[in-house]
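Mind looking over this structure? Questions follow.
Naming follows writing order (A, B, C and D), and every chain is counted from residue 1.
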């Protein structure tokens, strides 16, 4: 293998010749620039330089092999350059944000003090690097839908039934025929390694240990192969959340890889065609710049008078190749033609589309607005579920219906199930759990929910999940005053 | 009687041989470990040691005689050991929480300044040991139901009637045929001695003096015998709140004892089969640990990485032997077979169960969600009462209906009575009153309510309780802005 | 006239012989003790002593002549005693509250800065002695009705009409046939002299100057004779707010005096039979005690352990002789038999009673809950008006309908008039205006309202009051977020 | 030209002879005093003195030529006086408010950090002179309608549609046949030069660059001639917002000038007949007086005891000559008789008037309550639009319907368009944008909205504006909790 030094590499910093260093290896990424999901400008910002720190936490380990042709793996950095980089890194003072995180980790509460989902979120938010926090926590525009997703649950009250035999109460159920210890799954979410070095594997192992099912995102920070390989048992089920590439051939290749790796279902994401406006994420670079420079004067900025609007956040780059022309007529039959896996539509946001999905023969529907991260003022999924139950109860017989968004309590899970949902997904909550406590946090979160679900079942007078029924829930005409922290 | 020293006793600290010291006496509680309502771990934490301080405030005086076989009453602590314990106690500095309470007691306002129920609550909250406060004040999950119980009353407004003769207005009524000065009773509540050394006897004496009726909890911190003996007159009525033991024989024995002691009715509690999630109570040990160690470093905790979820609070241990398989068909006839006392179902939370209770021939129903301490998002009792009145008015003719939860004002009492309730129960309010001012506080609280009820009757244009009618109340379609302190 | 010294007088301090000094004169009030509207204990607190400071601001000048028989006017204080009292008064330091008021008066904003009703209230609240503030501002229980009275207006929005000729817009109207510059009157309120030395006369003169009508309360701090004498013109109309004495003869005498003095209508108050629970007023003595003793230790209080509940406030004493047995059948015909003045019922709080009042042939109805000072959770008058308009529009043809409570803006007045009210009353707002600026404040307040009403008429597309109509108002189904200060 | 000195001019300070200096020229304005739209007192406050600083920022450059007869242009100030004025100005310290603005400008964030409409508003509010802020930001009475205009949008949620082909999504549309890059126009607003020296021309140039249309107010701080002359291309469309003068001849002259200058439509303003109560604006002089005199004692004020109520703010003076007697029958035909331009009625506030406007043959309707600046409690335009759509859908076929008030997000625009609006207007937002960043700010604001609109269209499943439909929007029965800053 040839070796290169920093000076040589630094000269390749243009769109016509763009090299980068990653983990002391040198790559020519010129041809890939315009295929990069985040657009070429992201790479150009690092052209001719060491890109390791920026690259590693948000890309699967096999991304370079997959996307950069072998002949563009130019060779290694020479020893002198390696030492120079290492030295530079040592000299470089820790950032204020890194110091903040270090201090926070020292004060991390013992897991025994985490007694509900909210505790987990609050704890993780203190521990996360700001960039990760901004990506995980951000939601669209004014976060109305993000907040209303959760608030919707507060308008549904119970009619608990008493004097019913409930001993031996069992919280287990199935999703697409696969057994689960509680009717909850880990919803697909990107970039788990921003929060914890082991990333999505924490979900894989935690899910196995706790008896629930993980959905793996196309945008996971580990490759779907790595995650499949991390399964604790050959029959541990895994679901895949697909962002369909606009090129059908590319998309078909991915689907077939997934099927070959033993994934058990495909959740086709239909609510995320283009990057949305997640302002916390967009503002994160500004926030960090100000945080690091506290007390010093902001340098003038060449962008000061620009008229164009950038979306700068972490999220922006993940989805620019998504297919914007999917239709019920074309896309579902095409998917059936390339895979035998069950197909679930994730991102249905109104009753009409739920009906169309069922008519199109989908195996499941996720009523979801992407956790309030896409279109603000999309109706809360629980409200859509309630309407669907009122207006088209036949849908629940044709297909399994799930919801995600805003679930924080066992009572939330039970409300959704009473109204016809087969299971519910949690995304951010599991991201927070693994960020703060790794695999153990994931298991702990399931235990919390299981305890709350079991208690709720006792109180509602049921001893198995299938006894939950719509009569046990009432949509009230007032709005409870929620705890301030929500 | 043999005597033992501390060293001897300390050796019996395992599940196969477990001794404890209580009030300078030595008990072998090995056989009882797994019958303890709070589970064996509670006792094991004190095994081989003096358990007096932890034991006394939350157990009736006769509990040891009742539950520990005579031969397991091993004997006395020897004199040297008694002195050693006493010395240790003297040396032991007062805790920060004890000092806080002492200071608060010095600033206790005179009773003349307590002019409403809220004042009483606020005063008591400042005076209570944190452990007691956490047990009394805590509610399920996010306290939504606890708060909404009270907030429900704010959506009901009056249609006061004028130009009606109201002189000689009389606030008295009856409950199950027993006379009461106002249509209010002291609802059963556990562990009154956590707040005041005389505990439940404050209720007994205060109720007599004020002319109202006390309901005694199975979990009272005095035995039901002691409370019965504290009656001020042989005909002072007393109600009993029964947590039915899962073993019918044990349960029957308790019921018959109750009847023999002269109790006048049994309120069978049906909403509390298993321990619920009361987070303030659960967090109390953590809170106190942090409070005592303020400014010092928390020691590392062996539970730091556990995945299981403990409920640590005071409440947890009270109910683990409750019958989880009661039914209308089985349990009511069985109770009729063991007692001639009136049977009231406490904890009905929806219209359907109220109808079933009436059909089952119960003598009364308490619409109650246990003060929001069991299932969060259980409908507020006042809303259930309103629905019951709208949908099944015949129930009020078949049986007496009571409600508890969220009552703080005479107007609250009147709203419930207009909608058909025969009387209302207050639990926490009386706990706070006796904690802050003993028996006198209990009487004062009744006087406050009586004054408010009488004024309300004047304003509504009625001169006796039975003139209250549904037309005097309207459920409005807006939510008043409540005072911040609620 | 005989004279007495302080030592002699001090001996008459029992219920069997009770003397007091008022304005250096000596009265034997023994026989009057139990006729005192505030009860004997109020006088007994001053027995054998100089009662001037407590007596003067809350009693009409002629009260002594009226209630104390001539032979009980014993004589004068001797010169030495007069000097002694004067000296004592000089030595006596000003109270903290007096100093606070003095300072506040120095910072009173110029009237030009008072641009709305809320400004007037805020300004006055800073200037008032605490006792006056507590009496004026207090409301029943938790002030829900007081707040909701105002909040009700916020749920009514306008349908303004454009392209209508509105030049020459005229805000004047009539009440019971008497001309008024705006459809607003000064509602009867007690104790104006607590806030300003000239008291109710500020209303009389201000009303004349601004062209509106004053209603005089039975509990005014000037006698109705004095107020009648203060009229600026012989044809200035005056209304009288009657609290009917339980003794018909006493009541008839008062009514006939009123008629003889030239009052033009009688507003019979029916919502205030007994003293209500106004907590700010009740707490005022405690508040002042703590305020004056700031930093010092509270002395122990003999009432510390009392069980009875006192209402200590200023309001309590005003109404204990009110007739609690008025009825439509008896009282209206009786009033017609003793007076030819128009009879208006003040304090109607529901539709049913409005209908009964109209059927009883009353000349007017005031939908009022006494400014939220009597029964908390009485429906807001605007809501009652709206219902009355929906359910019994014929009432508006039979009788004039007024409302009071919660009016702060010209738009509030217009909403009430659109829904059928003939005029609206303001009480507290005028109390605040005269307290802060005397007669000028009263005129200024009318000018503010007139400007707002005129602007509103322009915007609604009407040029005279009678063009206001129900179609211009809509009750919306959401609750606006009101400014924090409300 | 004759010259005058300061002493000579100072003598002409009465209503019978009133001279003022503006830009070193001397004018006799005696005859104009009572034609001044703000009333004579505004000029009299500057009589005999240099009025330049007060005059310039709020009057078009040609106002003197237009309103003051040539013979009243008396001549120039002499050189000595010019120097004296200049000297006086130098000596005069900057005001605290000027210093505050200077400091704020130094900390103005780069435009790249302005990522939504709210950011723009917040930034501008920090930079504006207080007088400008008070004029721009103020709203009627308690700002209820101003706030509810925005809050109304929060009650409308989307039914986003998935699996629809949306690539090539196009945000452009037309208004009255004129092309616009997004369905948004700059609504007419007065006095842009209060916020930026170039004033309305920033709108003209920014609108051209961003491809949208500007509406020019009668009360613009540049003349409509100047603004027309600033067009970037001869075919750049411009709309005119007309406040019709009460004198038809004066009004016709203005309309014909407008037409001759090439304006493309007339928006007749019908909701602003008389000055309204904008309290922030009214209080601005008091606020500034206190701000400048911080720490010093307020001088006593001759107005301290006045009873009359002044409206002192900037807004007051603009509209006192408006026609208060417009009607559908008279005014529309009259306008048709004097112009061939399309006529749009701006300020329709209820369904009934929208129907009448359509019947009167108007070319368009703006549902508007003047941004909440006129009648408080006027219904939010979005609610009127919703009702119009429900009750009179035919109106949308007869005429174009626009709305303004409360729009801050692309989603707001889309909601209005789904419900039938052809376009929406923003006023304050553009004032803030040009105040903070001039023309560039205007373009940036359009880019923000365009990005949000395009994203919303993608998410709703439409690729052109005309595919937006009522089924995509639902009015919900709860009120989202809005971000605190709203």
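The rule is short, and it goes like this: a contact is a pair of C-beta atoms (placed from the backbone, for glycine too) under 8 Å apart; a residue touches a chain by one contact, two chains touch by 3 or more.
Keep in mind that what you see is a predicted model, and the values were worked out from it rather than measured.
S.K.: What rotation angle superposes the Cα atoms of subunit A onto subunit B, in degrees to the nearest 5?
M.R.: Rotating subunit A by 90 degrees superposes it on subunit B.
S.K.: Could you classify the subunit B-subunit C contact as same or different, where same means more than half of all interface residue numbers appear on both copies?
M.R.: different
S.K.: Between subunit A and subunit D, what distance separates the C-alpha centroids? Give it in angstrom.
M.R.: Computed from C-alpha means, the inter-chain centre distance equals 45 Å.
S.K.: What is the distance in Å between the mean C-alpha positions of subunit A and subunit C?
M.R.: Between these chains, centre-to-centre, one finds 64 Å.
S.K.: For subunit C, give me the residues that contact two or more of the other chains.
M.R.: Subunit C, residues with two or more chain partners: 477, 479.
S.K.: For this entry, which pairs of chains touch?
M.R.: A-B, A-D, B-C, C-D
S.K.: Flag every residue of subunit C that touches subunit D in the complex, lowest number first.
M.R.: Checking each residue of subunit C against subunit D gives 110-113, 115-116, 154, 156-167, 409, 411, 415, 437, 440, 443-444, 447-448, 451-452, 455-456, 458-460, 471, 474, 476-483.
S.K.: Which positions of subunit A touch subunit D when the two form their complex?
M.R.: For this pair, the touching residues of subunit A are 141-144, 147-148, 151, 155, 270-271, 273-274, 276-277, 279, 282-283, 286, 300-301, 303-310, 324-328, 331, 345, 347-353, 356, 369, 374-379, 383, 477, 479.
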